[in-house]
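Okay, so chain A shows up in both of these, paired with chain B first and chain C after.
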Partner chain A sequence: MQVELQLFATLRKYAPDQPLDKGLVMNVEPPLTVSILLEKAGVPLDKVKIIMVNNRHAGFDQELAAGDRVAAFPPVAGG
Partner chain B sequence: MGKILRVNMTELTAKYEDVPEKYALLGGRALTSALVADEVPPDAHPLGENNKIVFAPGLLTGTNAPCSGRLSVGAKSPLTGTIKESNAGGITAQKLASLGIKAVVVEGRPPEDGLHLLVINEDGAELVPAGKFAGMGCYALTRGLWQEYGANSGIISIGPAGEMRMALAGVSTNDREGDPGRYAGRGGLGAVMGAKGLKAVLVRTDKTFDAPVKDPEKFAEAVRKLTKALAEHPVTNQALPAYGTAVLINILNEAGGLPTRNFSSGRFEGAAKVSGEAMAEAVAQRGGKGRTGHACHPGCVIRCSNIIPDAKGEVLCTPVEYESTWALGPNCGIDNLDHIAMLNRLCNDVGLDTIETGVTLGVLMEAGVLAFGDGEAAINLLDREARNGTPLGRILGGGSALAGKLFGLTRVPTVKDQGMPAYDPRAVKGMGVTYATSTMGADHTIGYSVTANILKVGGFVDPLQAEGQVDLSRNLQVATAAVDASGLCLFTAFALLDIDYALPSVVDMINAQYGTSLTVDDVFNYGKEILKTERAFNAAAGFTAAHDRLPEFMKLEKLPPHQVTFDVPNEELDTVFNF
Partner chain C sequence: MTERYARQLNLPHWTPETQQHLAAARVLVVGAGGLGSAVLPYLVAAGIGLTGIVEDDRVDLTNLQRQVLYDTQDIGVPKAEAASRRLAALNPDVEIRSHRTRLEPGNAAAILAGYDLVVDCTDNSAARELLNRTCLNLEKPWIHAAVSEYFGQVTTLLPGGPCWQCLSGTGAPADPPPAGILGPVAGLIGSVQATEALKQLTGTGRLLVERLLVWDALLPGWAEFSYRRNPDCWACGRG
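This part shows the complex of A and B:
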């Protein structure tokens, strides 16, 4: 099945050629969780602080379905 | 123990006074709010002779405590009618504190129109006629004053918007390079300065870290601890210096809480193009004078500021921060970074609060005065209309609530007539509680629930649920009031919230500097006292629980993509200040 993974801020180094406005489209067999997806993309889990699946906060264990969009961030803040 | 400089614009005098005992341990926002509450009648007209504008460095400002150079500016606000404190970085507060000045209080009103400069030297202060600077933008003014009075002066100034007493006029201060982009922007404090005929305050000294400290050894030990905490926390050591505060654009957009086109959606399709990541890329590609990791004052170790270069590598604007980027970008449907940086520069020059300007532009776009996404029309509006005070410029200058009224709109994102910052309260409900109940109208810094709602700093409270938001906002409002008194940049709070020894190290610093024996609990009581002072002023000025509400459309219109409304019950909002 197909899911989209977009990496932000310092995590962009794990997908350096990815344009700023597009995620990686990945084909992965279910069952799939956020942590499996990140591992497949070569992203060390200890660098990831905030995960959103389809615009909602999620954890590493969240199961993914076809068409889901996952966004991953390192610790960030501002304001 | 320091002194207060009292400047009377009716008599045109500037005199030093001793600091009354009751103000000895107040600084920054604690002191501006106490002075305004004690000396300004709550029914004073904000632009009249009885309002006062107060400038105060924080308690730790002028020491080598990291990131401690904040300047608080306070008055009764012409935008909200409430008490107001707005604070800024830049180099001026450290100079004031190093000269032993705890506060500058400007009162009265000149008998005739005319502008003055307040020049503060190491051995005295005087008012100087400043008619030749009339109508001048803050860039030319700051450059001109550095030429006349020496580079490295700290300058607090207003642009033409402040002189015209526009309700969204901000107060500028300069950074080390002499750029006027550090703003105490919110609440129209520039109009109060303008009403007093005060074009600028100049602080002429090279002293920066000369505030007295009672126990230097203990102080140094505490400074080491806080510096270590800031160096350890990944937000303050990596994300902020590399991407600036606009690193938030993508995350708020992902969370569906980035207000877009006048708060009609929580997602902006052009977000990536105006994000902190895009700014870092532009800085790297264009080179020249551009940079990230810029410090707004000596002693800042976080360095969240940036210099955005134009295509030739010359300075286009510094800093371009998250709130300004959002206000002048996504909120106006503008996805062109150069347009945003130019709009930001024009705000800095004309003397406009970037947030209120962007929110007002969004309302005017909704009204059809200009089109969403039309960056060039927005640039014209600021540069031609607002700068010259044309009728349309004055409409912008009145702020978002007024613009909404003039054009008969209901989607007007304000509380107490102040435009909302960059988090839609329907999708970031903790911010909704803060906007509704803040003592100063819709303000984000005053209780930054985004920490736990979005960033997972200091715990996690689901941003889409009503539960837990009131407690979150209350605790942050109390803690923030104390931070705003300390003179520490609020960005230290990310480390203060997450690292156990960080907050005690701040208390240790204050004890070492002032010879006190405060505890961490005292910090929270101190914050509560500030809020009580501000609430009492507002109550006497006519504000009630009915003003602690979000605009009705946020309860009625569902915000995409989550299709949520603001649903924290009124009765719960009324318990925020139950202490």
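This part shows the complex of A and C:
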């Protein structure tokens, strides 16, 4: 099934092919969770602070369905 | 008094009463670095009656690339003092109060109690955890922002709504070491915070509540993500 992965801020380096205006389209077989998707994309889980699935807050264990859009953010701490 | 604010008194929905609301408002800005350099002058210029600054640092040469509130001659001077001087010159009709300290568990409640709204211009997650806890306890609205490299994020947190910990989760990675930051990215995100503060105080428009607004300067582009209160949140949840 197809899901979309959008990496933000310093996580963008793990998806250099991510289109500028949308997520990286990934083909992954179910069952699929956020953490499995991130691992397949080569994103170290310990670099991820906030996860959104379809624009809503989610955790690493959330199961994904076809068409889901996942966004991951690193810690952004500066001021 | 009226002439100074003429251009905002011309705004739709902005009346002399709106301006009086601002004159009676008390806003605390925690941190006077890159974000604070944008937030503070805009709030003071708009006529906020009392603006508090929490900052214990001194101006350093490496600050000046983004902390445009300060001059080269301020190097070595406490930021709270240099900022107060600059802001008083910008608008002598309002009060500026400097708190030359770090926000700590022992002083946070006492400092925040004197203000209606808090603006998060801090530079670390430990300070934000403390701000979150204190704002929850005192039921204070606050405006969170953070910046790094070419990126920034901002959201408005109101009593009863999701808290910062609902958004950030727990067991998350520690802050990375201080990264580079493009100066105007801090100015841009700080300007959004100041806008949210003025809207919150005057009841203008809709706020960034349950919405995280994210800026990526490299694209460039904005994205928006909604989030909800987490019933299991250790800071505000029931569990």
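Criterion: the second predicted complex is superposed on the first by the 76 of 79 C-alpha atoms of A that agree within 3 Å, B and C clash if a C-alpha of one lies under 4 Å from a C-alpha of the other, contacts with A are read in each partner's own complex, and residues count from 1 in each chain.
Methods note: contacts are C-beta pairs under 8 Å (C-beta built on N, C-alpha and C of every residue); 3 or more make two chains touch, one makes a residue touch a chain.
Quick caveat, the model's predicted, so the values are computed rather than measured.
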| item | value |
| --- | --- |
| First, second, both or neither for A:D46, with chain B first and chain C second | second |
| Which of chain B and chain C A:G59 touches, first, second, both or neither | second |
| Chain B versus chain C as contact partner of A:F73, first or second or both or neither | both |
| Common interface residues of chain A - those touching chain B in one complex and chain C in the other | 8-10, 12, 20-21, 49-50, 52, 55-57, 71, 73-79 |
| Of chain A, residues touching chain C in the complex | 6, 8-10, 12, 20-21, 46-50, 52, 55-57, 59, 71, 73-79 |
| In the complex with chain B, residue positions of chain A that touch it | 8-10, 12, 19-21, 49-50, 52, 55-57, 71, 73-79 |
| Complex interface listing, chain C residues touching chain A | 31, 33-36, 120-125, 145-153, 166-169, 172-176, 178-179, 181, 186, 212, 214, 216, 218-219, 221, 223-228, 230 |
| Chain B - residues contacting chain A, complex | 233-235, 238-240, 242-248, 250-251, 254-256, 267, 271-273, 275-278, 281, 304, 321-323, 444-445, 448, 450-451, 454-457, 460, 462-464, 490-491, 494, 561-562 |
